[in-house]
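Sharing a structure, written as structure tokens. Questions coming.
We just call them A, B, C, D and E in the order they show up, numbering each chain from 1.
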Amino acid sequence: MKLNDIVIQTTTKFVLFIILAFSIFIFFNGHHHPGGGFIGGLMTSAAITLLLLAFDFETVKRILPIDFKILTASGMLIATLTGMGGLVFGGPFLSHTFGYVHLPFFGEVELATALLFDLGVYFVVVGSALTIIEMIGGDQ
Amino acid sequence: MFAIILNISAVLIVLSSLIGLYRVVKGPSNPDRVITLDMIGVNLISLVAVITLILNTTAFLEVILLLSILSFIGTVSFSKFITKGVVIERKRD
Amino acid sequence: MEILMSVIAGILFMVGTYLILSKNMIRIVLGTNFISHGAHILILTMAGLKTGAPPLLGLEATNYTDPLPQALILTAIVISFGVTAFFLVLGYRTYKVTGTDNTDGLRGPDSYD
Amino acid sequence: MTNYVIWTLLIPLLAGIIMLFIPQRVILQRTISIIASIILLINTVLLVFQIQTEGIQKMELGGWAPPFGIILVGDMLSGLLVLTTALVIIPILIYSFSSIGVEREKKYYYSIFFFLVTGVLGAFLTGDLFNMFVFFEVFLLSSYVLIVHGSTQKQLRESFKYVLINILSSALFVIGVAYLYAVIGTLNMAHLGERIASLTEPAPILTVIALMFLIIFGLKGAIFPLYFWLPASYTAPPTAIGALFGALLTKVGIYAIFRTYSIIFVHDPAYTHTVLGVLAALTMIFGVIGAVAHKDVTKILVYNVIVAVGFVLFGVSTMTEAGYQGAIYYVIHDMIIKAALFLLIGALVTVGGTKYLKQMGGIIKYHPALGWLFLVAVFALVGIPPLSGFIGKVLLIQGGTTVGDYWIVFLMMVASLLVLYSMIRIFLQGFYGKSVLSSKEEHGTTKGLLFPISLLIALSVLLGIGAEFLYPFVQTATEVLLQPELYINAVLKE
Amino acid sequence: MFTTLHLAIIAPFFIAIVVPILYKYFPRTHTGWFVLFVPILLFLYFLRFIPETSNGNTYHAVFDWIPSLGIQFTAYVDGLGLLFALLITGIGSLVVLYSIYYLSKEQEALNRFYVFLLMFMGAMLGVVLSDNLLVLYVFWEVTSISSFLLISYWYERDKSRYGAMKSLLITVVGGFAMLVGFILLYQMTGTFSIQTMIQSVDDFTEHALFLPTMLCILLGAFTKSAQFPFHIWLPDAMEAPTPVSAYLHSATMVKAGIYLVARLSPIFAISGEWLWLVAGFGITTLFWGSFNAVRQTDLKGILAFSTVSQLGMILSMLGVGALALHFDGIDNNVYIGATAAALFHLMNHATFKGSLFMMVGIVDHETGTRDIRRLGGLMTIMPITFTIAVIGSFSMAGLPPFNGFLSKEMFFTAMVDVASFQQFNMDTFGVLFPVVAWVASVFTFIYSMMLVFKTFGGKLQLGQLEKKPHEAPFGMLLSPIILISLVIVFGFFPNILAYTVIEPAMASILPSLLRNGEHFLVDIYFWHGWTVELFMTMGVVLIGTVLYLTLRKWKSIYSLFPKHLSFNHLYDTTITRGESLSAKVTGMYMTGSVKHYLIYILTFFSIFLLYVLFSTDAFALNTDHLAPISMYEWLLAIVLALSAIAIMFAKNRLATLIILGVSGYSVALFFVTLRAPDLALTQLVIETVSVVMFLLGFYHLPEIAENFKKARFQVKNFIISFLVGFTVTVIGISASSTRLFESIADFFPKASYDEAGGNNMVNVILVDFRGFDTLFEILVLTIASIGIFVVIKLRLNEKEER
């Protein structure tokens, strides 16, 4: 049975960016407001899941030619290496530092290694959630 | 006064969720249940909003936004499952 | 409220246990989900409820709710998501290979000679 | 100065992560894994010597002092277990190279292997109860994956049960932590110990929580009556994985009981430790009954895993110097010898083509080395001197008689005897006896399998004869167990 | 320090390592020739100690093995140890020599044989020359193992394996008991050194553990020395090649138990229990062994039971010897004679029994059978073998002029003396000893005669034999001839043994009787005058001859003993019943059904914890600091509870999933009301993603699950799950009502911003304070996703398993 998915597809195209933007907002906002790598990552996964719902695996693969397992592994690597940064400077594992950098356009921006760690978390969450969805959905 | 009204509205919203729950359990058909779930989602959004007011905090604004998106995704996936039996297709033809 | 929440956690545990004691795979998988819910609520309850504002410093409150259990629960939620996902896949693969979604069909031969 | 504690976790973790990127490069993965495990071994040896010379090692993660941050604590008990783990995985890895098959190797076998090791090592080293839960999950999830790795019918069937029971036990772990946090208000084990030690009045709720933790860890450590999941699930996966499980997984549960029952829950030993002793005794007996009942060689072996759990926990329950020392000696011995036996049994099943004793016979004719190694391993397992099980058993008996647990000592000897009986049957019927197969009919070879086995057996013999060398380390470990303040002060006060 | 003495003890092990190499690279030479020099050199080495020990000196050398645990390899040579060491190496040399001819190098796996034999030799030396009990135990178990391996040497035979298993199990039972005994001794004395214990013996004879310790150790000794009723392994051990039977199962290993009894006499012998146990078991074994030997038809069977009986005899003498301790000094102390007799007979037994075993081996080798019903008339064909048999058997029967006569006389003396002892109820029951001894001797006489005349006398039945018999080659006869000449030499000149080895050995057994500088005086001679003993011997010969000649008529009394009452039967049924019983027990609960396992675990969890909770009075309910509940929270709780309960009755998987979603969202709402915004966010997203995941998974599962629809409300399951929920709740309430300490929460608000630079405490905890948790939590996620990938993509066939 072929159904007309035009409504959902159009809506998705529109909503997707809102969700993605929101997820990135939540990710960066995490250190001070509710949010962070986990929630941001999960939101992104939810957005991509919506994309999958509206379209199909092959289309999405064309849009996002990423091996999610590699994404996961990179996330793990980033998180671990960030942690080891502390070791390199003679501190304990996972010791974070933070400072304020003045960037054009953005103004005063807080830059913390914790954010890098959170980025790792974000990658892992996106990568693994989507691997899971892709695997279950793609299994015939 | 305002607090009382807020509390009453919270109670009413939860009550309507409770009624929704009855529909979810009872059915009779799956589409009924899905629609009810959507309804409960809307209820929840309003409830979180009310609670935000009761607690007088901004901490839960993200939750409201999120809930609306998520209940949309949830409804879409349930609908697809009911109509097509498969949630995500491998390849559309 | 702690008592109410303990009871709720108990009910969630009860339901989860009831479900994992049934023989249907889906029920079992869903049952583990309930048990995790119960456990998470219990952590929050055990730390003491409503002792202050949400743990966000920006809110300028004097008292904050204990943030530590919340962090623990967050960890636990994510872990149980991973585990549930794996368990679900395991369940349906098992169904496909063994041809049954009834756990009685999983007994397997155990011979004593 | 390098902090070996953290590297103990980082080495396997990094190795596992790196191999996630190269699933298809089998040879490269093998190289990485063997190099990583050797570096890990060197690292842990250094760690143990560091603990011996400089006292308890620790790493405050993120620089946050306990009890607020997480701390890794390497005391001698952890150090010895970590070292043994590092020792045991090398032969298992080598055995995997020639037995696990390229398909599995291409499907992240080594990564998951190292993640499991990371989880186990982390559980040994962490000083934080919730962090221990996280590490438990790491190795549990890895074990789920490994147990089902290959998705054969039997693996799927057994892993479903295994996963279900472990999910339950994880949930119990979480609520156990929650209860403890409610009562004591902290998660750091040293801090918990300090606070509980400072109690002046009896707190019966702590006894309940202590026993709850006994159940939680007992589920992992396979004590009576919580071990039902173990026999089938350890026999389902391929040999190398079974060996890894048999050597490491139950030991984590044992370690956790060891740790919590020596540092945290010492407020009412008359109750808690008696329960532990009784359960340990029941574990031995029911384990050995299972071993005697079966004629399937793999089953005989896994029930013996359960027996060993009983032995070690009995040592823990005595709370005496000899008992602790015996438990430590025995657990180290058991890790090595169980790995060896799993590999041996795997090789036996490979060449014999069956796992049922009745269909085997005369294997020794064409595989003498395998047979004699097996015999030595059996005698080591039983604690026949001077092999590795002996010293542990002597000390356990000593610990038991010191506190007057004569009945348990008696049961322990009965269990030992039946262990001997159950295992020697394999030797007499499988290796000895009339040959069933001619050399041509035998399935596969032992090529590549004997070397790792001999490594483990050699270790076991060395451990027995060189027990004196190990003694100072065991003594250091015991000191901390007998005087928990040493641990608490090392973690909190320095 | 590692001395020559240690090296001497260990040497056989080292040579054992080399044996397989020699076997491989010198295939033309019989490996035995390489091995032979080991016991000979050792024998010569130990001979040098004789002057030392006969002067009453001892020699000891300490090598630290595990000194921290009090385990030192202390090599200790005194009279007793030396006697055994000489026996082991002496008989060992002869057995190796004999084996060279007995085992053909073409057909047998000689490398295995000699490795085991050397292992045994070293272990046995270790047993008798170690002062440290644990080291002694180490060697003790190695003797059990080497015996096991030698019995199962012909491993393709079912009987060999059966016998090996039996001997291993029984001796290991004893070994374990003994180990416990040793450790209890350590507990009492604080040392593992026998000599140190002996010095402080008076301090612990009153200890409560004294008797249990003794029982444990005696169990070890009795099983090893095949005492009634543990003797059943010895006849089955005869499946071993004959040199092994001669060496292990008659001359040396089975005497380890006797050695142990002798060695520990100074510690235990003073007690009445010891006396009764050792002497009582000894005399019972003596009778039972000799009585059963007569019914055997296998030559080795006769010898096996004969060995059992003789071991009992030696043991009973040792036991009776302990009576001497109740008198002061050695003057006029008649009971020391028993100890002397025990040692003397120990040597004699080794000589005549060794030669008899070798004789039987020759007969077996040359005729192909050991069955006395098929043998007969070999006298003329094998004259030398016959001579050996006659001398050996007559010595065993206690006939003059052989050494057996002398020790048998001394034995009778000791038994007669027992009856006159006045303590420990000896005056009442002591008279049993000489009576039983005499009866047993009659049977000994009968089977000795059987051994000679059933084999060599009577008619030759060539048809019954597998090969045509002829006299054995000289090499094979050499060892028995040497032994049999010793039988004669010791018979005529017994005192060469008395001064050199027996007196020093007695000094080790009964040290407390000697004052400074004293030593025992043993003088063995033939003629004591017309004593009771002599009449007893004459009676034995007379009645024995009559009974031997009428054997056929009364043999039926053996069938009076029902077979299922025998100890062998007991052993067999214990094994088979034990196995089937354990299979039944295990099968009862190991059903393979995960539901059952969960039921056990959960029932244990809840009942046990509830019991503990209420029995320790840990339940507490404190309503002081509870948080308030508003109306909508009550309702929310009801929603959550109802949705949870509803799922128990749902009969449709989609409905179940939707209800799960509802309850998940309610949980998230609770996180909102309980001020946990991050949790609410996470919970909501996870719930949604999970729902999608479940929907995806449903595709793979059966459309309408039959058992899902049929799932009726299960009362039993409900009760268990109710108990679990109840437990969780009750402990939760009690725990939150007994807050013993403030939580560490106060730290985080302060530190979060100032030290970690974040406002969201939960996030700061996640990435910073407890970032380590997070790191491994995402590892869990990684593993889960990889795992799902593996489960779905990797499908192997069961057949390819290895």
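The rule is short, and it goes like this: contacts are C-beta pairs under 8 Å (C-beta built on N, C-alpha and C of every residue); 3 or more make two chains touch, one makes a residue touch a chain.
For clarity, every value in this text was computed on a predicted model and none was experimentally measured.
> Identify the chains in contact with chain C as well as chain E, in label order.
A, B, D
> Give me the step distance from chain B to chain D, shortest route via touching chains only.
2
> If you average the C-alpha positions per chain, which one ends up nearest the average over all of them?
Taking the mean of C-alpha atoms per chain, the most central one is D.
> Taking each chain's centre as the mean of its C-alpha atoms, give the chain farthest from chain D.
B
> Which pair, A-C or B-E, has more C-beta contacts?
Per the contact counts, B-E leads.
> Which chain maximises the distance between its CA centroid and that of chain E?
B
> How many angstrom lie between the CA centroids of chain B and chain C, rounded to a whole number?
Roughly 21 Å, centre to centre.
> When the centre of a chain is set as the mean of its C-alpha atoms, what distance in Å lies between chain A and chain E?
63
> CA centre of chain D versus CA centre of chain E: separation in Å?
26
> Counting only Cα atoms for the centres, state how far chain A is from chain B in Å.
25
> Using the touch rule from the top of the page, what residues of chain B touch 2 or more other chains?
Touching at least two other chains: 55, 59-60, 62-63, 66, 70, 73, 77, 87-88.
> List, in ascending order, every residue of chain E touching at least 2 other chains.
583, 586-587, 590, 592, 594, 598, 602, 675, 677-678, 680-682, 685-686, 688-689, 692-693, 696-698, 700, 728, 732, 735-736, 739, 743-745, 748, 758-760, 762, 766, 768-774, 777-789, 791-793
> What positions in chain A touch 2 or more of the other chains?
Touching at least two other chains: 26, 32-35, 38, 43, 46, 49, 53, 69, 72-73, 76, 80, 93-94, 96, 125, 128, 132-133, 135-137.
> Which of the chains touch, listed as pairs?
A-B, A-C, A-D, A-E, B-C, B-E, C-D, C-E, D-E
> Would you pull the chain C residues touching chain A in the complex into a rising list?
Answer in residue numbers: 56-58, 74, 78, 82, 85, 88-89.
> Which stretch or stretches of chain E touch chain A in the complex?
677-678, 680-682, 685-686, 688-689, 692-693, 696-697, 700, 756-760, 762-764, 766-768, 771-772, 774-775, 778-779, 781-782, 784-786, 788-789, 792-793
> Okay, in this complex, where on chain B does chain C touch?
55, 57-60
> Inside the complex, what are the residues of chain D that reach chain A?
3, 6, 10, 13-14, 17-18, 20-21, 59-63
> So in the complex, the part of chain D that touches chain E is made up of which residues?
So the residues of chain D in touch with chain E come to 13, 20, 61-62, 64, 67-70, 99, 101, 103-104, 107-108, 111-112, 115, 118-119, 122, 130-131, 134-135, 137-138, 141-142, 144-145, 148-154, 160-161, 164-165, 168, 172, 175, 178-187, 191, 195, 199, 203-205, 207-209, 211-212, 215, 219, 225-226, 228-229, 231-232, 238-239, 271, 289-290, 292-294, 346, 349-350, 362, 364, 379, 382, 384-386, 390-391, 393-395, 397-398, 401-402, 406, 409-410, 413, 416-417, 420-421, 424-425, 428-429, 432-435, 444, 467-468, 471-472, 475.
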